[in-house]
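Labels for the chains are A, B and C, by order of writing; each one numbers its residues from 1.
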Amino acid sequence: MTSDSLNLSSPAASGRGDVQSQPAVLRTEGLTVRFGGLTALDNVDFEVRREEIRAIIGPNGAGKSTFFNCLTGVLRPTSGRVLFDGRDIAGLPPNRISQRGIARSYQITNILPNATTLENVRVAAQSRRHGWSMLAHHRAFRDILDKAEAVLASVGLAAKADELAANLSHGEQRNLEIGIALATEPQLLCLDEPTAGMSTAETHDTMELVRRIAKDLTILIVEHDMQVVMQLAHRITVLHYGRVLAEGTPAEIQENPKVLEVYLKT
Amino acid sequence: MSGPETALQPLVTVEGVHTYYGKSHVLFGVSLKVGRGEVVGLLGRNGVGKSTTLKTIMGLLAPSRGRITLDGRDITGQPAHRLARLGIGYVPEDRRIFKLLTVMENLRTGLDRGGVSDTRKRQLLDKVYAYFPVLAERRNQAGGTLSGGEQQMLAIARAMMLEPKIILLDEPTEGLMPRMVSQIREIIAVLHKEGVAILLVEQNVPLTLASSQRVYFMEKGTVKHHAAAGGLSVTDPVIHQYLGV
Amino acid sequence: MDLFSGLPWEIILVQTVNGIVAGMILALVASGLTLIFGIMDVVNFAHGELFMLGAYMGVVTFAATGNFWIALVGATLLVALIGAALQVTTLRPLIGRDPLNTILATFGLSLVLQNYALWQFGPVARKINEPFTGQFPLFYLQYPWYRILIAVLSAAIIAGFYLFLKYGRYGIWIRATTQDRVMAQAMGIPVPWVHTGVFAIGAGMAAASGVLFAPLVGVSHAMGLDWVLKAFIVVVVGGMGNLGGSIAAAIFISLLEAYASIWVSPAQAVIVSSVVLILTLLFRPTGLFVPTPK
């Protein structure tokens, strides 16, 4: 695959309804995070609409992970609001946020190595079914099992359902991670550097995967690989020193002089 | 032993190196060369494997495949402390000076190598203090009390104590003020004049193009392109391709 | 004895001296332990056995030469060498693996050493004679000079080691390796050998304590067990890897125990150290004598 990051048309954008007319799924207002003297996020106003794929890029230390951490309850912001479906979720613990409908995959793989691929996904699918009934009819479990198998199919791991997760290749483990997030039936999926450490072929597969699952889902993706970003994202947000430097379509961002200056340090 | 063959032979060669972090395959066959006394730049975006390449050359990571040579001799898989004594100096991305040791003690870690006479040690210290007067001033201060720029200088000075043939410099200007960036440029020039080869990993394109003779471009764990630095400018499409958005 | 009427000042002062003496030996044992943990992240369950081995080497050397000082120096050096050999053969191959492996390995070593001592020397306690008898009047007691000597020597050894760390050439190697193992390697410091050296020093310190302590009690194959437990408590209370903290903690705990044994039997006084340990873990788990982590 020849590198062609000067490709100005993003296939993801074409063939989709006008994303701009959809309601906002997630919005942040004045989101600020300070660690002692260091301001990791500085008054970030951000908005993403339903069924949009938004990439968040920026140099090292720009605040991308911190931003994700605020959205997913890992970090409590110093000030500002995080509005998901209109309700402020800032400071809620991760399990509550997961139940509200935000799922996240991590940079460092977080799978259960000693469980099978299917079991990994099934555990996540189970979290959506409530109830303490220990005498539940087996049909309830059939439900969860079907869901888990469907998710495995969508991330391309159906053939490895009974394989121990530890035995999967790195690329497969990262995809399993996405599957686990998917199984929680989120409205918003946050992918943290999903193609890190992957070969070009594996990256290509993961990109296809994201395109497949993007229906009915809003996706935020932090990435360094510009190929992935340019070809997948509808819109891109560029962070720099904790602030939003620029926002726009891939074409707009590629030509934005401020962004170039920051990336090339001219 | 010098002669026409050794003069032409590169100082360091990296051939088809693959490196893993646990299961994560980070380097997918990196190949590059650094000649004696040459300044070579290694450019690329975050996460492409530039730091991992330096760590592999330094012996801090063992390659799973491929070969690394120094002065014609195979050093693949050798531990870092042996390579440091063979003449490879390393200045890592976060400086990593010994915070609880004084400036002088930090420098001494590179001096107590065995086979170095006391006079030579004195000479090396004097030389480094002459290049970095601020380190001389702070010689008895704990490393952790130095400013970011001073720590960067200490990290470079510390590597110089090894009298290395090549110094691996990982993003020396990251987080430094513009004034300090030009100081780094001068330091690189001085090292080059002394005949020390440098493999410079940087995201600062103008600095790299100005300081290097040749530049490699990395993407997704391999070296994708290679050019003479003199022929490149910041606005070149190749720069945009491997570093831009 | 009535607790509050006529507080037994003399007894308290005598116990203070006893506490400090015991504390200094404990400090010496614990120093080696915390050093090994601080630099190599190895929890050395065999440390008490190195103490015991040192005492036995002292017995053997003493029997051969009749000289206490030769026994002290000889035992220290011998056990340091044995420690180095043990580290290279048993612990070095385990570097990089699950820490549980080293814990099991050192625990296994302790069992091997104990049983070796039992097999080699038999169950009857041995004795080393102190280099000089002689006592001085301390309040109502005739206090043996030798006990003072123990405290002074332990302090001297610890002080000597501290100076070596601060000013010695290899002291810099050890300090650099403790702070940043990876960068130390990149500076040419042979980190695997630094680890061996540190283990040897730790073993030597344990051995020296063993020889110093031997004249006070009998030397038996199980003498290490009591000490290693207390030493671990000291290391946790003092802050793992914190040399100064271990010394302070050793004296602190020994003093508390010495005072406690005014009112209860010494066997029960040992509970004091466990209580201190529990309180430390509950409220200041990084160590009592460590600055509060931010």
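By our rule, contacts are C-beta pairs under 8 Å (C-beta built on N, C-alpha and C of every residue); 3 or more make two chains touch, one makes a residue touch a chain.
Just so you know, these numbers come straight off a predicted model, no measurement behind them.
Comparing mean CA positions across the assembly, the chain most remote from chain B is C.
The chain occupying the central position, as judged from C-alpha centroids, is B. For the pair chain B and chain C, the distance between mean C-alpha positions equals 43 Å. One inter-chain figure worth recording: chain A and chain B are separated by 35 Å, centre to centre, where each centre is the mean of the chain's CA atoms. With centres taken as mean Cα positions, chain C sits 53 Å from chain A. Within the complex formed with chain A, the chain B residues making contact are 21, 23-26, 28, 45-48, 174-175, 203-207, 219-221, 224, 234, 237, 239-241, 243-245. Chain contact summary for the complex, chain B toward chain C: residues 58-60, 79-81, 84-85, 90, 92, 96-101, 105, 108-110, 112-113, 158, 162. Chain contact summary for the complex, chain C toward chain B: residues 169, 172-173, 175-176, 179-180, 182-191. Per the touch definition, chain A reaches chain B in the complex via residues 3, 5-6, 57, 59-61, 169-170, 173, 193, 196-200, 203, 224-226, 229-230, 236, 238, 253-254, 259-260, 263-266.
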